[in-house]
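Scrolling down, you'll hit the structures one after another.
Same chain, two partners: subunit A is paired with subunit B first, then with subunit C.
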Partner chain A sequence: MRWENFRFALFEKAPEALLEHSMIVVITITIAILISVPLGVFLSRPKYKKFGLVTLNILNLLQAVPGIAVIALALPILGLGMKPAIVALLFQSLLPIVRNTIAGLLGVSSDVKEAASGMGMSQRRILWEVELPLAIPIILSGIRTATVYVVSIGTLASLIGAGGLGNLIMGGLSLFRPEYLLVGAGLGALMAIFLDRMINYLEYRITPPGMRVE
Partner chain B sequence: MTLTDFVNFLVKNSKTIMEYSENHFTLVLLAVGISLLIWVPVGLLLTKSDKWAARVLALANTIFCIPSLSMFAILVTIPMFGLGRKSALLALVLYAMMPLIRSVYDGVKNVDRNVIEAARGMGMSTKRILVEILVPLGMPIIFAGFRITVVMTTGIAAIATYIGERNLGRFIQEGLVRSNTPMMVTGALIISIIAIGLDTILGMIEKRIVPKGLRVSR
Partner chain C sequence: MIELEQITKQYPGQAMPAVDKLYLSIPKGEICVLVGPSGCGKSTILRMINRMIEPTSGVVKINGQDVTSTNPDQLRMGIGYVIQQIGLLPHRTIAENIAIVPRLYKWPKEKIKQRVDELIVMMGLDLEKTRGKYPSQLSGGQMQRVGVARAMAVDPPIMLMDEPFGAVDPIARTHLQDELLRLQKEIKKTIVFVTHDINEAIKMGDRIAIFNAGQLVQFGTPEEILTNPINEFVEDFIGRDRVVKKLNLYLAEDAMQPIKCLLREDELQNVAQKMKDAGAEVAFLVNETGKASGQISAGDVAEFGMDIEGLRKRARRRSNAFVQTTTPFPDALSLLLEYDADYLGVLKGEELCGVLSFQGIRKHVYRKEGE
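Moving on, here comes the complex of A and B:
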């Protein structure tokens, strides 16, 4: 271990890698939320429930595919770069959010929904003002799972040229420079833990005090 | 890349595929075996103390967050472990901590208190309650955790190729380096099929072992 190497990795290499990694995570999760929350809402409507099981089963299968395999399959189909990596990561980050959206919406007590419709609320208003607010903590915990997952598999995305912290780790492994490994891996771990804690805190704040479970 | 490329690759490299699969499975089996031996008793112990359960589960959650490549990379820099099987095993066992401890803890904690009271009223000892009531009734949740552990370990084990394990991940690694698409795709497909297969088989067993009255709709 040499201090110059460590400093070089931390101050010259890491900022760019960290920025790329955060970009991958933010873009993937934003698109994942935009796709899967509406999908979850759609699938939890009584009319379309029968599609729900099929979709969930397909997503479950996709989820069982290991991350490194998804990345490897993305390369011949989509090519090199950040875009293919984001598409590959997207595939696997959908399931936790869709599943939790459905679970959250179905978990809303039917008494509450009945009370709302008894007060003359339309279906749309019930969804926006009753169901979604009550389901948000559960949806957020799905988003948390997906985020941690994307940070984790994002380190593998450097294999297909997406950049990010994986570059430092791979470089460290092939040059056998432990300093690079420690900086890349450490920042990756810290980023995942930080995001997990942050969303967890958000989840806690957003849950009404009466609903908090311990 | 066409189907013929794929079939050619399978035929030409069947020996290597067998060797890598064997390595992959031994690593997964060892990791899951050690994890079960360590984490199931820990999970059972934690049901005795809520304070420690919260602490250990928080730790397990944090470990679970660490990206797998990072975990391997960090372990490699520790002189005692270095490149190879020891680091790979330790990383996999650490990852299995969260699903196993959590499912054992949740499974046992979810058992109806009245049932435990009834058992105690019948004069069962704590040990017998554990073996004959808590574990069988908690089995559905425990087995679900086991299933997640196995599927996850299979996937993460492939990444251990970067720290010197010669397993199915090697096809992906070398395929990427040599831009050999058939090799890469074959590796990815084999791992995916194994993971999906294990998930499906364990899912079927899961349905079998759960008593009818306890089946939850998901």
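Moving on, here comes the complex of A and C:
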């Protein structure tokens, strides 16, 4: 190990890699939320509940495919760069959010929904004012799981030229420079832990005071 | 007025309809209790009134208007709805919970706040302490108070209550029942009240509808039902203590007799003569402030004769053998047994206004029973 290599990895390479990696994560998770939450809401409506199991199974399958295989499969179809990487990562991140959205919404006590409906709240209003606020902590916990996945699997995205912390790791491996490896993997781990804690805190803050377990 | 006409509800996959060709007319301003064993269709009927359940056939009319002519959400906004599970929104404060329907009506903020405060006070809850609390911080009884307040928020003329006090402890339940009855005297709402407890039905109902297996078995005032149960089912449902239950319907003033003999405590030596002159079986004593302080019966006079001190002691022992005009018979009977007495003084406030005797109670109930 040489300090010089370490310094170079940390101060010259890492900032850009970290920025790229963050972009991959943020974009992927944003798209995943935009797809998954409405899908979860849709699948939790009584009318469409029957599609729930099928959808979850499909997502489960997608989730079960190893990350590296998804990335490899994305290459011939979508080419190189960040876009195909994001598509590939999306597959990995939809399931936890959809699953938790459904679980959160179905977990809202039927008594509360019955009372709300009996008072004349419309179904739309019940969704926005009752179901979603009560389900949000659980939805967020799904988002947290997905985020940690994407941070770690995102390191593979460098294989198809998306950049990110994977560049440092791969570089370290091919150049026999453990310092690069250490910086890439270490920053990845720190990022995962940081985001996990941050969303966890958000979960706590957003849980209505009447429902917090203190 | 709520009218159910030829209402049938058939759930898919069930052989018997849950409600079968029901006609029921619920008068305005009264508490109508739907009672029956579980699965008799009483909750289904209640929920068809605000369209939480749609009948398979038949028409529900409120004040002559078919409920299906109104959008269900609009309809429900105008009908108070209280359920056993209460269903307060756990993420909203008590004040916000009560404000739900006023907000649906888009009342101005100031008016909502005023109404919410008024209701919290009306339900006997501490305004400052309760307003900002969350439902999980309240006891079951308090939560149901909030549930009732929430249903009354926009002062709807009709309230539907589905076993509203079924999940609270017996003491809180009695309180809630008494308060609802007290409130009802002022607010005069049309209340449809579902319960499986016949005692609650007798207590709460101006009218009781007894159901079994989707059929209306008997509909009438508690007195009619307790006096003339229409068949064996109703008799069984009411229980063997039917006539004892009926005692709850009468108050001390119903069987009260005028007082014939009243004397001051210092006149005790003349009690035998005074009672004889008045032809009274019982004499009441008043103390120097004019307050009723005891009673002497003809039996006591025979027992003690001229032993004035003995009489005084006996009279004092019964210094609490008094009831209010509004005391129901069972409480009066309990007092009679407690003091081993045949008579109770009846007070209106502080003032002695009559006498209630064991015999009087018996005769009153028997006369009603014979009608």
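Observations
To be clear about the criterion, the second predicted complex is superposed on the first by the 209 of 214 C-alpha atoms of A that agree within 3 Å, B and C clash if a C-alpha of one lies under 4 Å from a C-alpha of the other, contacts with A are read in each partner's own complex, and residues count from 1 in each chain.
Note that in this section contacts are C-beta pairs under 8 Å (C-beta built on N, C-alpha and C of every residue); 3 or more make two chains touch, one makes a residue touch a chain.
In this text, all values refer to a predicted model and were calculated from it rather than measured experimentally.
Contacts of A:118 after superposition: subunit C is touched, whereas subunit B is not reached. In the overlay built on the shared chain, the residue A:208 is in contact with subunit C alone; subunit B does not reach it. In the superposed model, A:133 makes contact with subunit C only, not with subunit B. Comparing subunit B with subunit C, more residues of subunit A are touched by B. Subunit A makes touch with subunit B in their complex at residues 60-61, 64-73, 75-76, 148, 151-156, 159-160, 165-166, 169-170, 172-173, 178, 181-182, 184-186, 188-189, 192-193, 196. The touching residues of subunit B, when paired with subunit A in their complex, are 1, 61-62, 64-71, 73-74, 76-77, 151, 154-156, 158-159, 162-163, 169, 172, 175-176, 181, 184-185, 187-189, 191-192, 195-196, 198-199. The touching residues of subunit A, counted against subunit C in their complex, run 109, 111-122, 125, 129-130, 133-134, 208-211. Contacts from subunit C toward subunit A in the complex involve residues 50, 52, 73-78, 81, 83, 85-93, 100-101, 104, 134-137, 147, 150-151, 160.
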